[in-house]
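Inspection log for the structure reproduced underneath, given as C-alpha cells.
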Amino acid sequence: MIHFESDYLEGCAPQILEALQATNLEQTLGYGEDPHCAKAAEMIRFVFDCPDAEVHFLVGGTQTNATVIDALLRPHQGVICADSGHINVHETGAVEHGGHKVLALPAPQGKISAAQVRDALQAHYADFSHEHMAQPGMVYISFPTELGTIYTKQELTDLYQVCQDWEIPLFIDGARLGYGLEASGCNVLPKDIARLCDVFYVGGTKQGALFGEAVVFSNPRLAEDFRYIEKQHGGMLAKGRLLGIQFETLMNNGLYFQLARRADRLADRIRAAFARKRIPFLVENTTNQIFPILEIDAIDRLAAEFGVERWQQVDTERAAVRFCTGWATAESAVEALEAYIEFKL
Amino acid sequence: MIHFESDYLEGCAPQILEALQATNLEQTLGYGEDPHCAKAAEMIRFVFDCPDAEVHFLVGGTQTNATVIDALLRPHQGVICADSGHINVHETGAVEHGGHKVLALPAPQGKISAAQVRDALQAHYADFSHEHMAQPGMVYISFPTELGTIYTKQELTDLYQVCQDWEIPLFIDGARLGYGLEASGCNVLPKDIARLCDVFYVGGTKQGALFGEAVVFSNPRLAEDFRYIEKQHGGMLAKGRLLGIQFETLMNNGLYFQLARRADRLADRIRAAFARKRIPFLVENTTNQIFPILEIDAIDRLAAEFGVERWQQVDTERAAVRFCTGWATAESAVEALEAYIEFKL
Amino acid sequence: MIHFESDYLEGCAPQILEALQATNLEQTLGYGEDPHCAKAAEMIRFVFDCPDAEVHFLVGGTQTNATVIDALLRPHQGVICADSGHINVHETGAVEHGGHKVLALPAPQGKISAAQVRDALQAHYADFSHEHMAQPGMVYISFPTELGTIYTKQELTDLYQVCQDWEIPLFIDGARLGYGLEASGCNVLPKDIARLCDVFYVGGTKQGALFGEAVVFSNPRLAEDFRYIEKQHGGMLAKGRLLGIQFETLMNNGLYFQLARRADRLADRIRAAFARKRIPFLVENTTNQIFPILEIDAIDRLAAEFGVERWQQVDTERAAVRFCTGWATAESAVEALEAYIEFKL
Amino acid sequence: MIHFESDYLEGCAPQILEALQATNLEQTLGYGEDPHCAKAAEMIRFVFDCPDAEVHFLVGGTQTNATVIDALLRPHQGVICADSGHINVHETGAVEHGGHKVLALPAPQGKISAAQVRDALQAHYADFSHEHMAQPGMVYISFPTELGTIYTKQELTDLYQVCQDWEIPLFIDGARLGYGLEASGCNVLPKDIARLCDVFYVGGTKQGALFGEAVVFSNPRLAEDFRYIEKQHGGMLAKGRLLGIQFETLMNNGLYFQLARRADRLADRIRAAFARKRIPFLVENTTNQIFPILEIDAIDRLAAEFGVERWQQVDTERAAVRFCTGWATAESAVEALEAYIEFKL
C-alpha cells in the first residue's frame, strides 16, 4: 500500500533526529527558556523579516489555535472564520470550550474575502440588538486553507486592511504554511505573511518536524500575557528546547521551505496526471493537497493500492478524494500513482 | 405613539401585583424552597399533565437556556438548533461561554425537522473524523419559534422520536409557549409539550409575569444536579417565592392561557388587516408576532405613528417589520392599527 | 415562630410595590434602556458622589459577582479575597465556572488587610515559577463582610492604595452595603465607598427591594464591555425597568439608608441584650447580623421559639448562631427576643 | 556548574532516540490509533496488572491533569487535593479554566489522609447550604507528592475506600510515578496503584522520555468520552505514535523502573551526605527530590557550584533548597556534591 492519506504519516526530517541526538545530554532550563528556543525565535524573525515579533512554541495545531484565540478575545467576543475552517469543524469545540463563539462565513473555496468580513462586521454593528450577539473580536484564516487553496497578496492585503479598519486582529493558521508559500503561482512571501497579520504560526508537525508550531506575534503587544495563557491551556512543553531544536533545524539553510517545495512539486505532478485524464477537481489549487473527483467504484479500486482520504460525496455516483504529499513522500510513490492514473484509472 | 415592538413593554398582569401585595410580609425560606414555589410546581404538573416532572423557576430566558444546556451536556457536546434559534443568535454567546458549540441547521421558517436532525446525526457519526468534531448532545427548539411559527403535533412527535432513537434529549424553549399553544390551528396541547420532550420551559416574562421562566423536566432524571448548576449560573433567585407567586397566579383559572389567547386573537386581526390589503408576509404564522413585508418608505411613515421592530431587509426596496401583541395590548391600539392599514398604508 | 434567619425573608418595602403599581402599564424599552434605570443611575451617582460612574442593574448577588469578575479579569487571572468571602464559599463555584481561580487569604474576622494583599502580591511575583501560577488580577472584599464586620476608612484607603500600586482593580461586594454604612461606629461614607474602589455594588435584595443589585463602576473605563458580558451571563433583565423603579424608590429621600439604619439599631438592641447576659460573640461587629455563642441545648430551646441560623460549632458544647435583622423586622419581634434573652436564656 | 535543579534538564534515554530513529519512516495513522500506541498500552496493562484498563497518551502533565479532571467532573463539581498539589499551585489555573474549583486541604507533608477527605465530605454534606457550594466530585493526589513523599499501601487503601464509600473517583497524578514506586521503603507495587484508584498516569517527561504521560483508566467506564475531551483540550498529538514508541521503549525490560531506581539510589546518597552533617530536612522522604534546610549564605556559596532550586524560606536565616536527581544524573555529579557537602558546606 502506498500512502497519500496525510502529511503526518511519518516521523521527521532526518536532520531533526540528528539534532536531537547531538543535543540530548545538554542541560537546559525548561518551558521554552533555553538557548535553542531563543535561537529558533531569532531565525524565524529573520526569515519572516519581523524583527520585533514575539515568538512562542507550542506542540500542536488545535492547542495553538485555542490558545491564541483565547489570548486575543474578551469573553463576549467570537472569531470570524470560513465555515470549513479547522477551528469550526475539526477541533471538537476547543474554541467554544474556551468560551468563544466561532462566527462562520460561507467559503466554497475555503477562503473568506475582505468584502465578506467587512459586510459581516457592518451588518453586526448595524443590528439594533448587537448587544445580544457574540461580538466579532478577531478574524481567523488558514494559509493554505483546509482545501489547499491560497490567498493572493492582494487578498491578504485587503483582508488585513478591513481588520485594521475595524480594529480587530487577524490570525493566520499556518499549519501548512510552507506548502502555501512554495505553491506554484503563490505571490506571497514569508515577510508578507508577517506584515499582513497580527499573529500567525509556522506549522512544523505537517512539514518535517516530529511536532511543533511556532506562534509569531508580528504585533507583539498582543503577546503580553501569552505565556500564562499557554501554561493554563496545557500548551507549555516542559522540555521546551525540543521545539527550539526542531525549528532551529527547519530554519537552517531554508530546510523548511525546501521540504515544502519538494512536496508541492510532487503534488503538481499528481495534479497534472489527473488533468491529463480530464478528471475534474473539487477545487483548483496548487499546494500539497489534491482533490480529484472520481466515480465511487473507481475510488474503491484505487483504495486497494493507494491510501487516500475519502473527502466528500459530490453526487450519487462521484466523490472527491484527497491525496496529500509531504516532506517525506517518496518520488517512487508518485511515479507509481502517475502510472496508475494514466493506465488503470 | 402606539407600541407593538415587543411583548415585554409593560409590567405584569394586575393579578400578579395583587398577589405580591397580599404576600408581601409573609416570611419564607429563600432559593425556591417555599410553599409558593411548591404550589406553583404542583399546578404546572397538573396543567401540563406530567405528574412526575421536576419544576424549577428561573428569572430570564437566556439564563434558563444556558443553565439547562450546561446541565444536560458533557464538555465536548454541542446543541443542535435552528440557525435562527435564540441560543445561536441573541444570547451573546452564552452557550459558548458554558463551553458548548451551537450546531445550527438551516431553518427558513425557524423550524427544524426530524429528517434534518436525523440526517445531521447520521452524517456526524458517518464522518471518519467525528472524534475531532463537537458531538451533538441534545436538540433545542423553540415553541413558537423566533419567527412565530409552531410545530404540529406530528412534527414534534417525529422530532422527539429521532432524539429518542439517538438517545439525546430534546429541550423546548417556551419563552412564548402560551402564544404558541393558543394559536389558531395549533393541534398541540399542553400535555403534548410535556410528553414530547425531556425538558421545556413555560415562559412568564413575555406572557404576563414581571419576570420568570418555569423549567419543567418531564424527564426528571435529567434534573438531578440542576439546583447546583442553577446556583453556579447565578440563576437561583434569593426570594424565590416571587417566582412561585407569579406562576401560582398565572396557572390559576387558566390566566396564563387566557392572556395568550387574547393576544393571539388580536394578532389574528392585525394579520387579517394586512392580508386584506394583499400585503405579503415574511413567514406564514398564527401566533402573536406578525411579519408583513412593506416598502421602506411605507415603513418610515408607519414608524411615525406605531412602534414596530424593523426585522429584516428583503430586497433593496422592501423590508419585513415585526408587530407583537401581548398580554397587555389594548384593543384600541389594534383598532387604530387596523384603520391605519386599511386607509393610510 | 419569630424569624431572624436572614434579611431576605419578606417581599419588599411598601413604597416599591406602590411604584410598581403606579408604573405597571408604562411602555418602555427593555434591557435597562428605559427612563427609570437612567434616573436611578443618576440618583446613585449623586448619593455616592461619583458623577462619572457608570451604573448597571442586575438581579442577584452571585450573578453580579460572577459577571463583574469575569468582566475585569483576563483568562489566566484570579481574584484575591477573604477565605470566608461569598465568592469563595457560597456561589457553587460560579467564579471558577467563568474560568478564574479564587485566591483566598485567611481572614478570621472576614476582613483582609492591605498588608496581607501586598504580601501576597509580593510573594507571588517573587516566586520564580509565577508563570505557572494563576495571576492575581483583582481584589474582592465585601462591605460589610460575611461576618458582619466593616472596614474603617483607613483600612479601605490602605487596601485601595495597594491595589493602585499594583495596578489591579478593587471590587466591593455591597450586598448589605446599607447595613454597613449605617452601622454604629462606621466612619465610611457613601462617597468613600465610591472613591476607594474601582467598582462596587449597592445591594437591594437584602435591603428592601424585591431583588436587584446596582453595580457602580467608579472607574468607568472598566465598564466598557459590561453590557455584553452581562447579557452573556444571563444577567440582563428583559424588563430592566423593574430594577430602575426599585432603585429610584430606594434612593428617594434616603429610604435605602433609613431602612438599613432602623435594622442596625434593632440589631444593636439584640446585641446589647446578649451582652448584658455576658454572652460572648463569635465576632465583634455592629451591623445587622449578630453572632452570639451559646450552649447547644440553649440553642435547641431557643430554636423552638425563634428562627435563627446555626452558624458554626465553637467547641463540643457551644456553637455560634446568627440573628439577622432587616428592613422588615418588627420592633415587637425584637422586644420578644430581648425578653427571652433576659428571662429565659 | 553541576545541575540538580530538576528532573527534566536533558533530552531522553538513548533507547528512545534509537527507537525514534528506527521507526522514523514508518507510515502510521495519526492521533494515537497506531500499532505502537496499541502495543505500549498493552505493555502498561501488563506491568500494572490491570487487563481491563483503558490507556491514553498525552504530551504533558498540566494538560493531562486538566483533561482528566474535566472528563470526570460535572460543571458544579470541584476536585479535592492537597494545598500543595500541582493542580492547585502550578498550573496557572488550568482546572479553573475548565470551570472547576480546586478544593484544597492542608497537607504539611504534601499528603492528604483518608480521614481528612472523609471529614471534608461529611462537613460538606452536613452544611445546610451545600447547594451553594462547589460539590466535591473527585479526589486528586500525586504519587509521589510535590514534596517527594509517598503514600503507604495502607494509606492508599484507606483513601480509596473513602472515595468508594462516597462514590467519587480517585485520580493519581504519577508525573514521577517511577521515582515513587522505586523509593526505599515503598510498599506500594505497580499493581497496587492500578487497583487503588480509578485513573492514574505514568509520567514519562520526568522519567526518561522526551515527553509523554500515559493515562490509565483502571476504571474504564470513566474513559467513555475521553478521546473527545482530549481533542477538545488540545491534548491529542497528531503523530501519536511518538508517545506509543516512547512508552513501548520505557516499558520494555523494565527500563522505566531501572531509570527511576538508579535516580532514587543517587538521591539516597545525597540525602545520607546531608544527614551525616546533621543537616535537617524540610520533609522526610525517600524519592528523587531532597529538601535540606541550609543557612542562606551557605546556599549562596553552594549555588556558585551547583544548580539547585531555592524552595522555601524557613526562618529569617534559613531556607530549604531542592536537589533533584533524575534518569540522566551522572554518578560523578553526585560524587562531587557528596564531597562538597562533606568538606565545604
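Annotations
For reference, chains read A, B, C and D in written order, and residue numbers begin at 1 within each chain.
Assume a contact is a pair of C-beta atoms (placed from the backbone, for glycine too) under 8 Å apart; a residue touches a chain by one contact, two chains touch by 3 or more.
On a predicted model such as this, the values are computed, not experimentally measured, just so you know.
Shared contact partners of chain A and chain C, listed by label, are B, D. Two chain pairs, B-D and A-D, are weighed by contacting C-beta pairs, with A-D ahead.
One simple way to say how far apart two chains are is to compare their mean CA positions; for chain C and chain D this gives 42 Å.
Our note on geometry: chain B versus chain D, Cα centroid distance of 50 Å, whole angstroms.
Rounded to whole angstrom, the centroid-to-centroid distance between chain A and chain D, based on C-alpha atoms, equals 34 Å. Of all residues in chain C, those touching 2 or more other chains are 75-76, 91-93, 97-99, 131-132, 134-135, 228-229, 231-232, listed in ascending order.
Touching chain C in their complex are the following residues of chain B: 3, 5-6, 8-12, 14, 17, 20-21, 23-30, 59-64, 66-67, 91-94, 97-98, 205-206, 210-211, 228-229, 231-239, 242, 307, 328.
Looking at the complex, you find that chain D touches chain C at residues 75-76, 78, 89-93, 96-97, 99-102, 128-129, 131-135, 309-310. Chain C makes touch with chain A in their complex at residues 31, 70-71, 74-76, 98-99, 131-132, 134-135, 225, 227-229, 231-232.
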